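Naming follows writing order (A, B, C, D and E), and every chain is counted from residue 1.
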C-alpha cells in the first residue's frame, strides 16, 4: 500500500515537472499554433542561469528561481521581436526547420560556454531528503514541485479560460489579420504570450535540473516528451496537457516500478493508444483546424 | 489544335521530361566518375536522397507529415542485415526487394493508425511507432544484437558478379541505379491520375471525397508505397555499410529527414535529392572544420534558410542554371519553383 | 612520407560528448608535453565526430582510411562504435586503439584492436569479491541495459555469488533514463545491504542525487560498483550524499603518485577541470601509439605496429599498466576507493589495490 | 413519377441541439427543387447528411430507391449524387484543368490508375475540355486556383460538381458572393443541365429561387414547415412570418 | 456638419499591385453610403484600406478630424472603425459570445443588445465559431463590429447569405444606428436594389476609381446609370 502511494507521489511529481516544462509549449503550439521545437532551449537557458546564480554566485535557490523565469522570458521576448515574429504566418514545416536550427545553435553554444558535462544545482538543505507521512516517503523537493506546479496550473487556467486576454489570444491566432482589424494588438499579444511561455520553460528547466540533470543536450533529449504531453493533452486548454503530464508521469513511474523490463514501452504505448482513441488529444476540440 | 488535344497537351505538362532534369541526372552520374575518393559520402547522400524521396511521396504529395519514417528505414535495414547475416537471401538485389517488402507490410499495417487525425497527431503517432520499434529491437537483442547492433554482416556480390569493395565504388553505383529506377517509378506514379488525386487530397480532403475519391484507400496506398521506398533505403544502408544498429530507428534520423526535405522543398520529387546533397555537404563541411560545434553552424544555416526564404534561395542558387537552361530550352529549370508545404 | 596520421573518432556531440572531450583534451595535453614528432615523424590528428552512432563511426573510419590514408584509427566512445570499426581495421590492416569503450569482446573482433581503457569485467569482478569479503551479503543491482552494463552485471554476479552473496533484486534501466525514482524505490523496498550500480558516467550524478533524496543512504544501503558512477568529472558536483560510496576502478584523480599529481595539475591548468578515467584512457592511448612508433622506428606497417604494442609496459597516471600480448587488452591495477572529502573537494580515495588485473571476461572463454 | 432522393425520418443532433428533426423529404426525378428556410434552420446540415459528410443519428436516406445511409462520401458520388459547397471547397494549388480532369477521371473509374499519365486518355480530355469551355474556364485552365478571381472560383466549384455527371445535384447557395451580372451565367449553366438531372437548391436570393424552382420546401428549426409549388409557398403567411418577411416576390 | 471620415488621394493595394490608384472620399455623420461595383473593382480593397490591412502607398485617412494614416489596424479599430469583413472571419475557436467580448469596447452596443437584434445568436451563444451556419456567421460578424461601438461602420456585403426577413431587419437597423448620431456607414453590396432605399448616397467603383458619386434618389429615377456601370438592367426588372 505504501509502495503504491509512494509511487503515486513520485509519479505526480514527475508529471508535474513534465507539465511545467511542457506547458509553455502547450501555449505556443496549442494556442498560438506555432511549432516551437526550440522550447527546450529556453528551459535549458533557465536551468543554466539558475545554476550559475546558485552555484557560482551563491544566490539562494528561491531567489534564483524567479530570475530563471524572468531571464528566459527576456530571452524569449528578444528572440520573438527579432526572429520569431516573422514566422507566425509561415508553414509548420518552416517553423520546424527554424526552431530545430535554433535548438542546434543553443546546444552547441551552451556546450561551448559551459562544457558538455552534466551539472546540478546546489539545493538548500531544507529541500533535500524525504520525510515520512503515514509511512509514505515524501521527497521534499518533489513536494515543492507539486506545490509550485499546482498553483501555476490553476493560475494559468484562470487566465486563459476566464480572462479576456485568453480569448484575445485565441482570436489573434485564429485570424491575425481580422483580429488586428478588430482592435486586437496582435504583435503585443503574441510577444507577451510567447515570452510567458518561455518564462515557464525557464522555470521548468531550473526546477528539473535536480531530477533530470542538465546538460547541453537537454533541449533535444526532452523534445519528444514535451511533444507527447502537448499532443496527448490536446490543444484546447491547459487542463489537457496537465492531465496528460500526470498520466504520463504516473504511468512512467508505475511502469518502471512494476515492470522495469518494459522500459520506454509504457509512455509510447500510452501515447499511441490515446491518440488513436482521440486523435485530437484528450481535450482536443474535434471540429478543429 | 482542338480543345481536347490542347487539354491533353497541358495535362501532360508535368509529366514531360525537361532538359534540366536530364542534366541533373547526368551530373549525378558524372560525379561517380569525377570524385572516386568520395564514394562513401556520395553513397550516403544517395541513400538519404532515396529516403527523403520516400517521405516526399507522402508529405509532398499526400500531405501526411511523419516524424517516424525511420521505422520503415529501420525495418528495411534490419531485414537486409538479418537476411545477409543468416544467409537467407544471399543475392543483394533480391534481398533488397525482400527487405523493402518487409517495410511495406509494416507500412500497410500502420497506415490505418496514421491516416486518422490532424498533423500533430500524425507526427506523434508516427514518431511513437518508430520509438516503439526501437524499443522492441532493443528488447529482442538476441535477434537484433540490441544496442550493439548487427555485427559481422558480410555482403555477397551483386548478381553474384560485382563484389562490394572497401572504397565503396560498387556500393555507389548500385545505390545510384536503385535510386534512379525508383525515381523513374515514383515520377510515373505522381504524374498519374492516382498521383494527382493525392495532391487533391492534400489540398482539400473534403472536396476530394466529394468528387468520388476514396480518400483513405489512396492514403493507405501511398503510405504503403512510401514505406517500401524507405525500406529499400534502409536495406541499401545495411548493404553498403554492412552494419545495422538501433539508431536506424532513431528520432534524429526522422528529424534529419524532415530537414532534408524541407530544405530541398516538397512536392516535386527532386526536393529530397537536392536537400540531401545540401544537408550532407554542409554537415560534412562543418564537422570537418569543427567536430565539436558543427551543430551550431548547421543550426545557423537552417535559421538563415528560413529567414531568407527557400523560394528566394532557390532563385539565387538556380539563377545561373536557369539562365543557361532558358537559353537552350526556352524554359525554366524544373527545379526552379518547389511547391510550398502544407 | 614523414607524417603519421591518426584518425580520432569520438563522440564530440550528443549524450556522450563529455567522453569525447576528455579524450581529445588528454591527447592534446600529451602532444603538448611530448611534442608532435616521434621517431622522426610528425604526428597529425584528424578528429571526426561520430556522436556515438555506430554507422557514423563506420563511415568516418572508412573515410579516414580510404581518403586520409590514416595509419591508426583511435578513440571510440562506446562499444558499438568500437565494434563497427573492427572489420575495417582488419581489412585495412591498421591498428585500432580503443580509448574508452569497455566491453570484453571488443578486442576479440579484430587482431588489430588494442585497448587502453578498461573492461567492465576488470572492475566488476573485483568489487564483487571485495563486497562479499566485507560483509555485504545481499545486493540489489541497477545497471544500464546495454552491452557494458550487462558485462558489469554478469561479472559482478559471478564473483559475488561465488563468494556466497545473494542478489535480491535485479533491475536493468534504459540507457537514456531521465528519472531513477521508481527504480530506486524498488531498490529501497528490497532492503539490500548495498546496491551495485553501473550507469554510464554522465548519469552517475542523477543516480547519486536521487539515491540520497530517497534516503537510501540513511536506510544504511551502500552504493558499490565500477567507478563510472563516481566519475571524477562530475563527482565534486554530487553533494555530500556520495560520501562513503565504495567503487572499484582503474583511476582516481586522487591517485597518490607523483606522475598523477603532475598530470592532474597540467590537465586542470589547460582545461579548467579535473581529468576523469576517460581522459586517462586517451592519454595512455596516445602514449601507446608514440611508443609503438618509437619501437618500429617510424615504420607505419600495421602488423609491425601491433606487434610493437603487444607487451608494452609503462607507468601511467593511473599506475603501472601493460598491454597483454595475447589479448591486446589492457592489464592494470584495480583500486578500491571510497568517496571522501579532501581539501573541501570530493575525491575517490584509494584504499586497496588489486595488481595487474587482466580482463577476466576473456580468460573465461 | 419516380423519387430521385428521399429522406425518411432523418434526425441529427449536435450535443443537445436537434438540428434535423424527423425530416421526411422527397425530391422527384428531374425536379428543380428548392430548400429554403431561416438561417440556422439546418439546410446545410441536411445536405451534409445527404452527401455523407455527417452521419445522421437516425433515419434513412434513399437515392433512387436504394439505401445509401451508410455509404461513405465517395461512393455516393459514384452513384450519382454530387454537390457544391456553401463556401468554396477547391484545391488551391491545382489548376482548373487538373481539378476538372481529375474529377472526370475519377468518375470514369481511372482515378486509381497509377501508371498511365494524366492527359493521355482521350475520353477524359474530351470531357474536360467540354466542361472547361462550358464554364468559361478555358482561358485560365493553367492557373492555380488560388489566384483566380472569386467569380471564376465559384464557377469552378459548380463545374467540379457537374463533372461528376450527377443524377442528383445539390447546390448550397451557389450564387453566394457572385455578382448580380454573373449570377445569370451560373443559373444558365444549371438550367442547361439535362432535364432528367434532379437539382436541389439552397439559396437566400429569392429572385433566384423563384425563377428557378418548380417546387419549394421550407425548413424551420430542422423540421419541414411546408412544401409546395412556388406560388403557394410565396403566399403562405407562415413562411412570410418566419422567412420571407415583407419582401414582395414576383412569381 | 463635419466629415467623420475623410480619405485623401489614397493609393493602396497588395504587395506591388496598386488596386486603388487615387481615392478621395468624404463621409459625413449620419450618412449611409452604398458602395457598388462589379467583381474585383476594389470595393473590398477600399474597405480594407480604411481598416488598415492593405498596403498603403500614399495618401491619408482621417477619422473624426484625427489623422489615422500612421496608425496600426488595431489602433484604428479602437479609434472608432467597425469592420464586417467580406469573408466574415469569425474566430473559430472562440464561442459566439467570446467573438464579441474579445473585441468589445464600451458604448451603447453591448453583447445583450446584439442578442436582441439577432435572437438566433443568443441561442447559439456558447457554440464555437466554426459550428455556426453561414447566416449565423454573418450575423455574428455584424454583431461583433457593433460591439466595437464604432464611429464608422464598414459593412462588406453584409446581406450575403441572410434570410430575407433578417435582411429587412438589418437594413432598418443600420439606418437607425447610423442616424442615431455620431456614426456613418459604408455598405458594399452586389444587389443595388436592395440598398437604394436605405443609402443616402451611392458610389460606384470601376478599376479602383470612383465613376459615379451621387445621392441615391437620383439613381432610383434613372436606372441607366446602374445599367452602364454594373451591367444590370436596373436589377429590378424581374
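The rule is short, and it goes like this: contacts are C-beta pairs under 8 Å (C-beta built on N, C-alpha and C of every residue); 3 or more make two chains touch, one makes a residue touch a chain.
The chain list, named the UniProt way, goes like this: A = ABC transporter permease; B = Branched-chain amino acid transport system permease protein; D = ABC-type branched-subunit amino acid transport system ATPase component; E = ABC transporter ATP-binding protein.
Just so it is clear, the structure is predicted and the values come from calculations on it, not from any experiment.
Touching chain D and chain E at once is no chain at all. Shared contact partners of chain B and chain C, listed by label: A. The chain with its Cα centre farthest from the Cα centre of chain B is E.
The mean-CA centres of chain B and chain E are about 51 angstrom from one another, to the nearest whole unit. Spacing of chain A relative to chain D, judged by their CA centroids, is 48 angstrom. Between chain A and chain C the centroid-to-centroid distance comes to 35 Å (mean Cα coordinates, whole Å). The distance from the centre of chain A to the centre of chain E, with each centre set as the mean of the Cα atoms, comes to 44 Å.
Residue positions of chain D touching 2 or more other chains: there are none. Multi-chain contact residues of chain E (touching two or more other chains): 131. Among the residues of chain A, those in touch with two or more other chains are 107-108, 111, 261, 263-264, 288. Inter-chain contacts occur between A-B, A-C, A-E, B-C, B-D, D-E. Listed in rising order, the residues of chain C touching chain B in the complex are 10, 12-13, 17, 20-21, 47-49, 53-55, 58-59, 62-63, 65-67, 79-80, 83-84, 86-88, 91-92, 103, 109, 145-147, 174-175.
Contact residues of chain E toward chain A in the complex are 48, 51-53, 72-75, 77-78, 83, 85, 89, 91-94, 98-99, 101-103, 105, 128-131, 144-145, 148. Within the complex, the chain B residues that touch chain A are 65, 113, 116-121, 123-125, 127-129, 131-132, 135, 138-139, 251-252, 255, 258-259, 262-263, 266, 292-296, 298-303, 305-307, 310, 340-342. Contact residues of chain A toward chain C in the complex are 3, 6-7, 10, 14, 107-108, 111, 115-120, 122, 128-130, 137, 139, 141-142, 210-213, 215-217, 221-222, 252-257, 260-261, 263-264. Residues of chain B that touch chain C in their complex: 37-38, 40-41, 44, 138, 146-149, 151-152, 166-168, 237, 241-243, 245, 247-248, 250, 287, 291-292, 294-295.
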